[in-house]
């Protein structure tokens, strides 16, 4: 079994590149369903809610099927581990974040039995609640769905 | 203060793009010093060692200055938090990783007083110690140096 | 030294079984002091408070002795680690919980020098703040008192 | 949507009850597929391996489908968080464990779209590597599969 | 390279000793810049803010240079790990703290290339939000600046 | 209830001060039982073992009473959280430590019902496995016994 589509890499690119920079990757993006959005908050739960809402609004996951919400939720949490680097709880840490996120759903593996997987990527800045006192941060989470 | 160079984004691109895909970003890479390498191991310490060795061999950090080793070490740890998503200790978790990493050192901020910062990015696969039973993983860590 | 009473197992049973299912275990429960209660909240501290209050109201621990509060507190925290599986901070994670808890105090070991120990078990559901979007969760913490 | 089968509770009972105590729950167990086994080790990876092997040998998960291994793996990790209470890495902590585990796979929800889920429960003792210097420990992890 | 000044030990002493007890260490303190303060709160972010404010008011770090805020912030976080012992998020844990903190900045190493480092120490009590139901707690964090 | 003896502060002083510096604190140390020792290892379990052995050899805890081993063990773990600052697993992190530790047992509270408590403090250096590439580290753990 090998991967034919790298949904994680695609999610990272959608979250961090400019439209021009993303141009060369549009063909690959044509093979998956994806969406993007923004989240800026001191509170983890608002960041999670922003991603869950975007995923449902854009039909990436089915709103009334728990297993899909469950799969997405854990992909978001894993991605946030990267963003927070072991300090989940943004507000609690007095850090503020300005994030762009991307959600990619597709079939990464050749073997069709592997079915669909979902990737959630965050890219942006994290730092003190003062403009400029911040650096880049990134996270990626992947789960079967 | 705004960021003129996104060393974190550059590190992620160097770690995950093919030479062709990276082409458009060479001008930006001309403004920083960077290197890349590979690490595949069940043991976190070997992954850390691989990055530290590459950084010193390529002159990204000064071998005999502890503050630079200290800055790099914490950037690696933060990046690995993203790779392991809260489960640092690869070997302990029976997961095996196949990673490409990139180290980027530069002056991301306009204000020169902010000096140099270092970014460490990992991209690759993590999974069971069986070919194919794996998915993508990403990590990014940034520190002042 | 061997264990004559499994206070942890008893706490799990009291927290998760129906009165009928619990019937066969009443004799064993006769050898310990225990109580149960409910906690449903988005905030960890309210869950902790619910257990501490129940333990004191039911005389499982002495209200004015810090060492007993300290022993119970750490047993609760360990139990919540199981409930949250490494993500302590319910509210922060946008998860809502509906938990039944049980507190069991007794002398599990034959050797009387081992004295009294306390077990705290949680059983219930955790999930999105939407009815049904949830799955079971469990936790057990044990401490000497 | 409500749960018709509590696979988590069943997993905990299979892991901790004696055959006689388990008798009343056999009807409920008839509606799921499950297996049990033992694991005693200082090393987390051996515990994980023991559960993965049992799940495949007993046909609870398909050996050559990564998404099933991935679902089981994360259910095991979540269960071990409860066992270790935030200190994953048995051997590293000088603790030794003697565990019985149970794996239960079934359709817990009425709504068939929710499909199959898997529960992994551990019950046993954890303590110093000296007979008797130990207390009970429990863990439960649940994931969609 | 050996350390000529132990900024961590000095920070610990300033945070925990009485003025009389500190007397013998005044000469050593003459070789570094330091300040102290108090923080009592249920919320981690207020504790962090108290330290950052004290550091800037006393000129230990430069207010408008992010790299210094970044270095201090991570030293504070590491110190709080010791205070909270893996449970960062005071308020969330229903624990209340009464802390004295000390910030020490100096050149601990003989080799001048190692430059300046910063140490943050906390010492005080942590416990239930009831007077007396508490025990001592301590933390130390060190970072290059 | 107020504390009449600060066993945590005493443990830190015994672990970090020179005999001369410790002189003024001998009277206070006369009211508790304590011991000290050294531990230098890449492996957490060896550090834990060194402290447990010292505690038993010096009669600080009773060798054949599990509740005392249990109380000490958790005090050691909490202290190591401060030493490792959230990265328990020394060897795994490629860090090497050179630590002095102190164990103090006494009755810190005026109210005799509070009984005995135990404090474990570590002080030393942590860093890369290269002489000099290291900085100070501290840890303190307290538990009822």
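Just so it is clear, A, B, C, D, E and F label the chains in written order, and each chain counts residues from 1 on its own.
Rule of thumb we're sticking to: contacts are C-beta pairs under 8 Å (C-beta built on N, C-alpha and C of every residue); 3 or more make two chains touch, one makes a residue touch a chain.
It should be emphasised that the depicted structure is a prediction, and the values quoted were computed from it without experimental measurement.
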item	value
Relative to subunit C, chain with the most remote C-alpha centre	B
Distance-maximising chain from subunit E - centres being C-alpha averages	D
Cα-centroid distance, subunit C relative to subunit D, in whole angstrom	20
Chain centre separation (subunit B, subunit F; CA means) in Å	36
Subunit B-subunit C separation of Cα centroids, rounded to whole Å	43
Subunit B and subunit E: spacing of chain centres that average the CA atoms, whole Å	30
Residues of subunit D engaged with two or more neighbouring chains	1, 66, 70, 77, 86, 89, 91-92, 109, 117, 132-133, 135
All touching chain pairs, where touch follows the definition stated at the start	A-B, A-C, A-D, A-E, B-D, B-E, B-F, C-D, C-E, C-F, D-F, E-F
List of subunit F residues in touch with subunit D within their complex	43-45, 48-49, 52, 66, 69-70, 73, 77, 88-89, 91-92
Complex contacts: residues of subunit B adjacent to subunit A	1-3, 6-9, 12, 16, 21, 24-25, 78, 81-83, 85-86, 108-109, 117, 119, 121, 123, 131-133, 135-142
Subunit D-touching residues of subunit B, taken from the complex the two chains share	87, 89, 91-94, 127-128, 132-135
Subunit C residues within the subunit F interface of the complex	1, 62, 65-67, 70-71, 74, 109, 111, 113-115, 117, 143-144
